[in-house]
Amino acid sequence: MKLKNRKLSEDEFFDLRKEVLSQWPTGKEVNLKEAVDYLKKVPDEMNFAKKLKKAKEEGITLAQPRAGVGLIDKHIELMNFLSKEGGADLLPCTIDSYTRQNRYKECEVGIEDSIKEGRSLLNGFPAVNHGVKGCREVFEGVDKPLQARHGTPDSRLLSEIIHASGWTSNEGGGISYNIPYAKNVSVEKTLYDWQYCDRLAGFYEEQGIEINREPFGPLTGTLVPPSISNAVAIIEGLLAAEQGVKSITLGYGQGGNLNQDIAAVKALEEQAESYLKRFGYKDCYVTTVFHQWMGGFPEDEAKAFGVISMGSMAAALAGATKVIVKTPHEAHGIPTKEANAAGIRNTKMTLSIYEGQKMFMSRELEEEIEIIKAETDCIINKIIEVGKGDIALGTVKGIEMGIIDIPFGPSKFNLGQMMPARDNQGAIRYLLTGNLPFTNEIIDYNRSKLEERGRYEDRKVDFKMTIDDIYAVSRGKLIGRK
Amino acid sequence: MKLKNRKLSEDEFFDLRKEVLSQWPTGKEVNLKEAVDYLKKVPDEMNFAKKLKKAKEEGITLAQPRAGVGLIDKHIELMNFLSKEGGADLLPCTIDSYTRQNRYKECEVGIEDSIKEGRSLLNGFPAVNHGVKGCREVFEGVDKPLQARHGTPDSRLLSEIIHASGWTSNEGGGISYNIPYAKNVSVEKTLYDWQYCDRLAGFYEEQGIEINREPFGPLTGTLVPPSISNAVAIIEGLLAAEQGVKSITLGYGQGGNLNQDIAAVKALEEQAESYLKRFGYKDCYVTTVFHQWMGGFPEDEAKAFGVISMGSMAAALAGATKVIVKTPHEAHGIPTKEANAAGIRNTKMTLSIYEGQKMFMSRELEEEIEIIKAETDCIINKIIEVGKGDIALGTVKGIEMGIIDIPFGPSKFNLGQMMPARDNQGAIRYLLTGNLPFTNEIIDYNRSKLEERGRYEDRKVDFKMTIDDIYAVSRGKLIGRK
Amino acid sequence: MQDKKTIVLGVIGSDCHAVGNKILDHALTESGFNVVNIGVMSPQEDFINAAIETDADVIMVSSLYGHGEIDCRGMKDKCLEAGLEDVLLYVGGNIVVGKQEWKDVKYRFNAMGFDRIYPPGTSLERAVEDLRADLYKDHRAAV
Amino acid sequence: MQDKKTIVLGVIGSDCHAVGNKILDHALTESGFNVVNIGVMSPQEDFINAAIETDADVIMVSSLYGHGEIDCRGMKDKCLEAGLEDVLLYVGGNIVVGKQEWKDVKYRFNAMGFDRIYPPGTSLERAVEDLRADLYKDHRAAV
């Protein structure tokens, strides 16, 4: 493995491919030629990339839930329920945690036990074990485009199987599916493995089949400052583009301050376009995804609905192409299909009220966009610098150095010296910048915003603030006031 | 009865009072002197006017439900449930429909039947029948300020009883509790009767007791253009101020277009202040109330929660002093106390997320404020003109002439020639202006906004649009597209 | 062409909800019925008098505000007394207080002599269909 | 002053939820306990080895992601085998798949040998109180 940010040659790709497909017996089911033929027959309205493009052109925001259970028939039932009773516009297949760790043997046990006990013991759909046959059964049993949503550091085999099965979108990326989801996996390794997944999508693109790729925007979902997640999203977008990916959906997890949330989505879209152009990727189509609140949820369902609607509104007003939907069961556990559908209906109601309504430009919005862009530029430029122009190498080094530092990231490769907190309006700011390559101006700006809150609450600006902020939403507030 | 917009003299007031108190036996229970003593002992946090003032100063939005049942103990239980389980900041006593028609005998039957059947057969709390004794029992049994909310054309006796019982706020007004709520009651009569209610509040003010008065903002709750409801609110505010009312809460019912909703609240507050000043009422304290969507609701509770949150968010961003809360049962019937509390919790969650966040000024917001103000000025100035400077007389004449014309108002005194519809962004515009005294510019502006939608949908701009718009929200959309 | 059937339309009791009434009027008229709209806040007597005067085929009662159950009591008897045994009695809106089991509600109003009882959220198409089915034996369109 | 008690803290199985773990670490340390945090994605063995090495008084298992029931099976037996019969076993987080009846969940984990089982949304104060009650007979503060 020699990581470098350049498109894998066909030889390299097909070499790696042999090994990948042998990781589990179902790998044998993947026949690229046959898959291309299969995908060519997928109608436009079942293609994820095309549906996103259409939505963006029409200026509407689509709703997509998260959901997945262990068995094929149950999963199909679940998907159709969410489509019909919920009104989902796009469907997910949330993959179980064993598959995410490539522990397919344990999946096998989980599948068997689920059959025996008549309830899903797996927290998602084990797509690799079900293979192309099973995954096509799902695809052919539903009426909306499908995407795999997981959190898998090495999802090469998974990607092979899902795309060959007509699932035209794959979530993840070498940073976003590592730092928040893994402990011991090196960044070099995940970047390399995700190059493969991107190359696979790029390969299909070369055959005229549009495959959508979506870096996981919210990261740890916990007080992530927009410039951190935007920088990661843009970097992963650039890495994907290098491998030939054309349909790129960049994500952002709601922070809670409306002005900041809208600024973040606007900054993300604009900067992504401009970086793609700067690096010469000309025909990429960028869409955006807004994640409803990704941190700890309130237990009360009425309050949870408030948090859900609030996310839908922000998504609509920001003009995001799609929104990922939470459910009233979020604080408790994996939702029933009814709770999941209720979350979608709530979301769709809010989205359709705000259909066609956008947040208008104000001085404050402009300012927030500027600060997010400035911070993001600092990060990305430094990553390029330490990578000596290679953004993949720069990322490996940059994470080590703390140029990218993800709050509460479980990975041992994450520096963990950055600490966020909310300012007096609830916007997420940098409490400690750790090794983030910010200018003094930016550091002072963040500090002064937090000092303002400190004065208002008559408290010290310290880690206690962060902790209080982490709990706040689940306790019915945005800001963890003293 | 000779209506005139001038403060009732003490003689006139006490003359009328004799007759008022004799309308039902409980009238005898009201002793103004004793009531003043009672009210002087009401602690600040139980005074409606003071709590509103404090909220406005702190920049927060309070949540108030609607609720009322027939029997005293059940009503106290309900109030405490909404305060404790819902987190209501202010409490209501929604008055039943017989009391609203001064049909106290039927109330008596309703109370007896409710006792017999063990469930409330009345759709609200019959405060007059329960008298000062019963109403004080309620007041002393709850922990938040109380307001009567009703829809009573002649609420003079009701007002006497509730204020003497420690309820420090009264909703209603001579236009807003007539046109949407009555069929045959003359405007002259209701204006006159509401002068009495205002004079009563003014009397208490003279004794150093702050009583809050709130004209009913949303009127018929159905596609009311902001300038209509703002004009009515401001006029009722001026009429109240003349009678000595100092704490005035002006209301607006959510339309659904965020920009228009926020503009409406801002225009309302600013114009009210400036009209009050213009007419020499100097020490009034104006607060605002935002009503969550007042039209037909979706039946699905998940969707209803979406509509509810959307209203809370607009209220918070508009900086309204309080928001009136709907419930997930709205489309079905009077809510259970659990559903009501759930509506409040949902609202409070959304409000606290947006606490301290306001909508920033944009060119579009400025423009919308300007158009609402211009329309409102046309109406109010014409009312003053036809009243030859007397705004009470002008109102009577103005309604007759259609200078004020409330869509779908059941009153036979309402002209009913104005017709509203939504524009392409969902803002409520004038489809037919009837006899509204608008400039050609305003008429053209409204027309062009609707023509834009007509072109977009390729349809005629006509009453079919209005009908489709009326159903839209209950069907999960804001705009009733073709 | 069949002859136009006449419907007396109104909102019963002290109920001021006017929007549905105005739309029903509009829609039924558009569907070819002769609509006699007595409007909101109408006592039972006004429905019955209007039905007699106009030789109506159907009385459509709306009740939204929750007192419907009280307001509709005895209406069928009054119709019978007035010789309106052939006039159909429809009721719809939010006819009881609160969100109740629909089966029970329907049962209670059936027992009170109503021919058709509609839950909240009933579409106009549904009402028009039922009217046609009830009024024209061959179920053909009204006009 | 009583001696500091030692707690082994970690998130079991393939579970990557790190936020609660970091906060528990911080809060328990602040409350005067000696915290040995083995972090996320920890197999049963890591908990047990850490407990042996540090002579721990309590093992606090977190499970958030839904596979807690599978991941915790047999843990008590392994503790006994390792001679940790006196070490208390706590578990908390979102320990089962979905929103289930808490009574049943508690019963199942009790049967698996856990001493204290916490539902979603448990406050840190509650956990600290229980620790003090279980570890110090006189229920006094830990420091």
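Order as written gives the chain letters A, B, C and D; numbering starts at 1 within each chain.
Here, contacts are C-beta pairs under 8 Å (C-beta built on N, C-alpha and C of every residue); 3 or more make two chains touch, one makes a residue touch a chain.
Computed from a predicted model, the values in this text were never measured in an experiment.
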With one step meaning two chains touch, work out the least steps from subunit B to subunit D. 2
If you walk touching chains, what's the least steps from subunit A to subunit D? 1
Geometric centre distance via CA averages, subunit C-subunit B, whole Å: 31
Using mean CA coordinates as chain centres, what's the subunit C-subunit D distance in Å? 65
Counting in whole Å, what is the centre-to-centre distance of subunit A and subunit C, each centre being its mean C-alpha position? 54
Centre to centre, by mean C-alpha position, how many angstrom separate subunit A and subunit B? 45
Sequence positions of subunit A contacting 2 or more other chains: none
Chain pairs in mutual contact under the definition given at the outset: A-B, A-D, B-C
Which residues of subunit A touch subunit D in the complex? 97-98, 100-101, 103, 110, 120-123, 151, 180-184, 220, 222, 295-296, 299, 329, 331-336, 339, 408-410, 463, 467, 470, 474
Contacting residues of subunit A [partner subunit B, same complex]: 256-259, 298, 300-303, 305-310, 312-313, 317, 341-343, 345-350, 352-357, 360-365, 424-426, 473, 476-479
So in the complex, the part of subunit D that touches subunit A is made up of which residues? 13-19, 22-23, 26, 39-41, 65-67, 69-70, 94, 96-100, 120-121
